[in-house]
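By written order: A, B, C, D, E and F. Residues from 1 in each chain.
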Amino acid sequence: MSITPVDIPVIPALKRTAILNLLSRSQRIDGRSPSDTRNIEISLGVIPNANGSAHVKLGLTQVIAGIKAEIGSPFQDTPNMGNLIVNAEFVPLASPTFEPGPPDERAIELARIIDRSLRDVRAIDLEKLVIIPGRKVWNIFIDIYVIDHDGNLVDASSIATLAALLSAKIPRASVNQDKGEVILDPANRDEIPVRKRVLTVTVAKIEDHLVVDPSLEEETVADALLTIAFSEDGLITGIQKSGMGTFKREHLKKAMELAKNAYKSYISQISQFLVRS
Amino acid sequence: MSITPVDIPVIPALKRTAILNLLSRSQRIDGRSPSDTRNIEISLGVIPNANGSAHVKLGLTQVIAGIKAEIGSPFQDTPNMGNLIVNAEFVPLASPTFEPGPPDERAIELARIIDRSLRDVRAIDLEKLVIIPGRKVWNIFIDIYVIDHDGNLVDASSIATLAALLSAKIPRASVNQDKGEVILDPANRDEIPVRKRVLTVTVAKIEDHLVVDPSLEEETVADALLTIAFSEDGLITGIQKSGMGTFKREHLKKAMELAKNAYKSYISQISQFLVRS
Amino acid sequence: MSITPVDIPVIPALKRTAILNLLSRSQRIDGRSPSDTRNIEISLGVIPNANGSAHVKLGLTQVIAGIKAEIGSPFQDTPNMGNLIVNAEFVPLASPTFEPGPPDERAIELARIIDRSLRDVRAIDLEKLVIIPGRKVWNIFIDIYVIDHDGNLVDASSIATLAALLSAKIPRASVNQDKGEVILDPANRDEIPVRKRVLTVTVAKIEDHLVVDPSLEEETVADALLTIAFSEDGLITGIQKSGMGTFKREHLKKAMELAKNAYKSYISQISQFLVRS
Amino acid sequence: MSEEKVEAKRKLIEGGKRRDGRGPEDIRPLHFEVRVLKNANGSALVQYGNTKVLAAVYGPRDPGARSMALPHRAVLRCRYHMAPFSTHERKSPAPSRREIELSKVVREALEPAVITESFPRTAIDIFIEVLNADGGTRTAGITAASLALADAGIPMRDLVAGIAVGKVDGVLVLDINEEEDMYGEADMPMAFMPSLGLITLIQLNGTLSEEEFWSAIELGLKGAEKVYEAQKEALRKRYASVEQV
Amino acid sequence: MSEEKVEAKRKLIEGGKRRDGRGPEDIRPLHFEVRVLKNANGSALVQYGNTKVLAAVYGPRDPGARSMALPHRAVLRCRYHMAPFSTHERKSPAPSRREIELSKVVREALEPAVITESFPRTAIDIFIEVLNADGGTRTAGITAASLALADAGIPMRDLVAGIAVGKVDGVLVLDINEEEDMYGEADMPMAFMPSLGLITLIQLNGTLSEEEFWSAIELGLKGAEKVYEAQKEALRKRYASVEQV
Amino acid sequence: MSEEKVEAKRKLIEGGKRRDGRGPEDIRPLHFEVRVLKNANGSALVQYGNTKVLAAVYGPRDPGARSMALPHRAVLRCRYHMAPFSTHERKSPAPSRREIELSKVVREALEPAVITESFPRTAIDIFIEVLNADGGTRTAGITAASLALADAGIPMRDLVAGIAVGKVDGVLVLDINEEEDMYGEADMPMAFMPSLGLITLIQLNGTLSEEEFWSAIELGLKGAEKVYEAQKEALRKRYASVEQV
């Protein structure tokens, strides 16, 4: 059962009015213009036990993505492909609205948005993750851990995922032909075969105003959000509308323009993490 | 924990009195006599993705049974038998007293009554469902989906199960002797080996009155229900008393007579679905 | 989430005062001295379907331990060891504070205390439980069933576990060299390879008083409990502090002395069950 | 531990005797004991041969959640549960579908006996723990629960006596054990309020002709009378021992 | 039952026709029926070809738990659920992550249409059961739920019409079925309140250029109009039949 | 990822040095930082070498369910949880039995320090997330939680300082890491309120003689003093930085 949220922190009517007044002058409550994204800070390798990891701050939102590579079996119908498993946890230390327990619909939706943004465009070349065809493949787990929620968790997670993937190293696997066993060589570590750099951009609609990279305050008064995933070659690789409101076609047009620009802003801010060492 | 039901819709005292007054004259509130079953409508093949399916209306009660055949492994102690798995879902669209979530005790009881009515009398010849002894067998899943609850879900489910089983087709399975792999031939479809046609009949006891095929109103005022399963050769293949009341021996005698007649009434109403094409 | 208990039966202030007054004179409310353990009664073999079983009464606390031996696979990283699995159920018939449902934190803590007391000291020689190295081993399940809670469940469980283990018999397993199958010989039954007899002793701290083998009344007013596991060669094989209070070093010293004596008292009371037939 | 199955299909009745030496209409040794636990308001330990069941009753008590109460009567809350060590293969402690169904049919077998109208807005909790399973555990559970209810001082219309009739090698037998259940043709658990002549539980797993069914009912009634006597005896014993104090 | 996959990668469009004979902009036969259940306050059965979805609405009703109510509006509670037999491989009845996500996006696609302000402190329950899945089940579910809401007499700003656009063999097609979804390049489910010109759902799984995206939106709008007409017709039919009574 | 185990049983102490270069009584580099999160009322990030734990405190706040409140004090609600990527083999996100036990012992190690009587009928929520596990995660968690409580302004009798003592190759060592835990003879986690001389946590996994036990206690106390100094320093730093504003 998905239920209309009843525990949303109440935004005082005054605050709502303030946000809307500012927006009518193309200003935002934190001083940004509608097309401005927040500042991004990235720390790589924060989780020594992970194959790759990134701690991302997008404004005051904080997300950690950890990559684990484990040897497993392929699915019967894809014997020549490794597996990608994306999971997100909204742990209760990140927000008073998060509860302990199994992932709620928001965490599941986020994980599935990230998963879809990568999967169909084949952002990761799963065919290169086969060790013994039909028998042994790499399972790549992407675990997204939200630790402080100040809005736009999807983009923060998308940035953390990409940075963690690009910095990850997995031990080289070979096969002992006699015994058919997998041998791991921790001295030689390979990269994860990332074919395309994909990032999401989220735009919030507040009445007839559109803003990118919404803060929590903005999300709370927004009618709806639109997340668009772009790959580096300009294709759209995923879309998700969320929230209880609607979009007109003219909103979509404006949102698309804002998103394309914000994509460039994200990319330029994180460019030093997009080149591999 | 099984708990005395607390959410039963309250039957107004007047309605209860009306039901009892009528019964004292051998009449029922919907115009039937105590021995009358309701009208049965069956639609076969309503679920194209199932191997067999039947949508049954018993009065205003509606049930869908879907049969899926999947290849699986036999249990270790029955290497030469396929498996029969009966599951029932009381989805919340069927009644205000059904909740989303895992099957509650009523759904589990229903599935187990249907299962037992078929299993010990070997209504389905599970030995004929072996593909490779000890290794590959057919798993026959019977999924019972209650979509509108107007009383006597057990008989409606039993009718739907029998109709779905008799109309089901499974692809012919053979074994590639070289590779030991199972090959399915979708062009040649086999029937499910039904050895005996089994149906349940449910009788409700309302004070000292007994009525067959109770409606929801009758169930709500009934002391107890008695379900008896019969196979076509006249054997009793299962019994279940349910409800919070009791039976005297004379009630059982009368219930047995009513049930035997109702069995014939069910069979005659659905006879065109009992012959295989 | 572990939550400060809110459903503890309220001990009347008078009772608390009475317990403390008596303790100030080194007396306990049930007539024992601080160093007295309660009477122990043991019945062996109470569960015919188990490989070993013991019903233990420690005062009015009652616990049943049942041992089941089943053939399973070893863990990949311990191919030459059987497995020990300890589970505890606090079933609701034992106390008004126990709820139906999956084991709560108290039951899990108890099972893990018993498990740890046995595991690292290798009280059971798991290497002797291998049938086919890397493929077939004995899984030893210790199931602890608390049926009446009058305090000190850990020691009652520890005693029941040891008595059940020492009295257990498992069928002799051999391997059919042709087929590689395991053959069980129910006529020849082996003992479980217990290397060391381990028992826990629990001491309660009530303000500055320390008492062994606390009753439920004493536990309810206690600040904290300290459980110490000893093996027969005098080693400490496990410790657990529980409860919301603290210990000073001098409390620990006194608790250790009390525990060592109580260990001897337990052992002497159950000595006839420590020799194998 | 499936070695037990090796000897399957051996005859279950030879020379008029069942494999454990009983005649078809013999009940296994009954051992009933009341007030075996300190904390519960009522409790009983019940054995039919190697079938061993413990029952405890708490209540009438506050049902906790308001939504679980009824204004005109107590609600019964009943759990039939098997200890992991009670079965040949270790049973997972999570409730199985079978235990969920049996909790319901056991509750419905006890409901008519309890005078719930005496305690509106309360709950009476009935916990049944199968300690060792050798056939007839649900009926032993009903017998035990009914003793525990009486021990808790809860007013009842009658005790409920449980007994299973089976059909093995074509013969109707009383109080079937697990082997007879597994390799027999039918298992028909029943429960009665004997002095009122009322049936509170009847199930059939397996196949009977109608004639056999009626004979099985009569055989069950006969068995239930014996169980009933043993129940009353256990309560008398308990009552006497309290008197002596 | 994976034999269906044997023929994968066969061309999905040949000679301008899709494998089921449709042109790129053809919708499958629509069959909508309202008030198909007795108990629910509103219900509808919706078919797009072999995709078959049942929806029922209960409410506005007491939300049960106080903590689930809002002082100024009704809450919607929505479950998208697939029957175990609805898919090629039997689906476990436990809710999958996909069903949990879709319950949310479907609810959010219906929220803007329902005039929830009319029923403060109540809940409106929307149950969607996928009976047979052949692509487009979430959009068919939205269409069905919106009919069931109307049937329940709940005031709405507009009906919500759901439709999926896909890209297969490089061509944008309307109302994709499962085969096209599985082997195609993109699936873009959408929902509209057609007379208000509002989009209430849009998702994209797969890859589109921006140009294709805008064309897909237009194609979806065109399809939604047809769905909308069929919805109104189904309600008219129901209304007429009531009139006749 | 079990390649780490290949070198098992190699000596853990050689020439008086542990494999990471420490002497037996050396603590790993400590890095404590307070107020690292915006939303929580208090928070701290704590590192003992590669063991990295984040703690946050919410409250005192409304406990939500009435049944979770106490009339004379606040209740503590504590969760010790490991991130899936924190361990060598990915940890399933569902709480393990170990995490359930540790949530309890961690809560019981913090209870005596919090002056809960100041906030009757409220709840104080303590969330501990293990981000990277290299031994001593529960004791690091206690250290972090106690800093987060202080950061949230909750009155405390003392800070709680956690530290683990181990026995490896027959030698007692302070602050054991995961390798030493796995291949050593004993792990004894402890927590202290140092200025009050009170022990709030003590567990032993493994085997010690009584003499070793007393030495381990003293060694633990010594380590806890160092942790305590670092805690006070982290709070001073935070306090100073606030002052500067």
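The rule is short, and it goes like this: a contact is a pair of C-beta atoms (placed from the backbone, for glycine too) under 8 Å apart; a residue touches a chain by one contact, two chains touch by 3 or more.
What you are looking at is a predicted structure, and each value in this text was computed from that prediction instead of being measured.
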Contact distance in steps, from chain C to chain E: 3
Partner chains that chain C and chain D have in common: none
Path length in the contact graph (chain D to chain E, fewest steps): 2
Selected pair, out of C-F, A-E or B-E, that shares over half of its residue contact pairs with C-D: B-E
Most widely separated chain from chain F, with each centre as the mean of CA atoms: B
Chain of greatest Cα-centre distance to chain E: C
Where chain B and chain F are represented by their mean Cα positions, the distance between them in whole Å: 57
Whole-Å gap between the CA centroids of chain B and chain C: 48
Centre-to-centre distance between chain D and chain B (centres being mean Cα positions), rounded to whole Å: 27
Where chain A and chain F are represented by their mean Cα positions, the distance between them in whole Å: 31
Multi-chain contact residues (two or more partners), chain E: 79
Overlap residues in chain A, where contacts from two or more other chains coincide: 1, 100
Category of the chain touch graph - line, ring, star, complete, other: ring
Order of the ring members, counted from chain A so that chain E is second: A, E, B, D, C, F
Chain C - residues contacting chain D, complex: 46-50, 53, 60, 62, 64, 66-70, 87, 89, 91-96, 100, 102-103, 141, 143, 145, 147-150, 171, 184, 186
Sites on chain E touched by chain B in the complex: 1, 3, 37-40, 43, 50, 52, 54-56, 58, 61, 79, 81, 83-90, 93-94, 125, 127, 129, 131-134
Residue ranges of chain F touching chain C (in the complex, touch as defined): 2, 5, 67-70, 73-79, 97-98, 100-101, 103-108, 111-112, 116, 185-186, 188, 193, 196-210, 213, 217
Chain E-touching residues of chain A, taken from the complex the two chains share: 1-4, 6, 76-77, 105-106, 108-109, 111-112, 116, 120-121, 224, 226, 231, 234-249, 252, 256
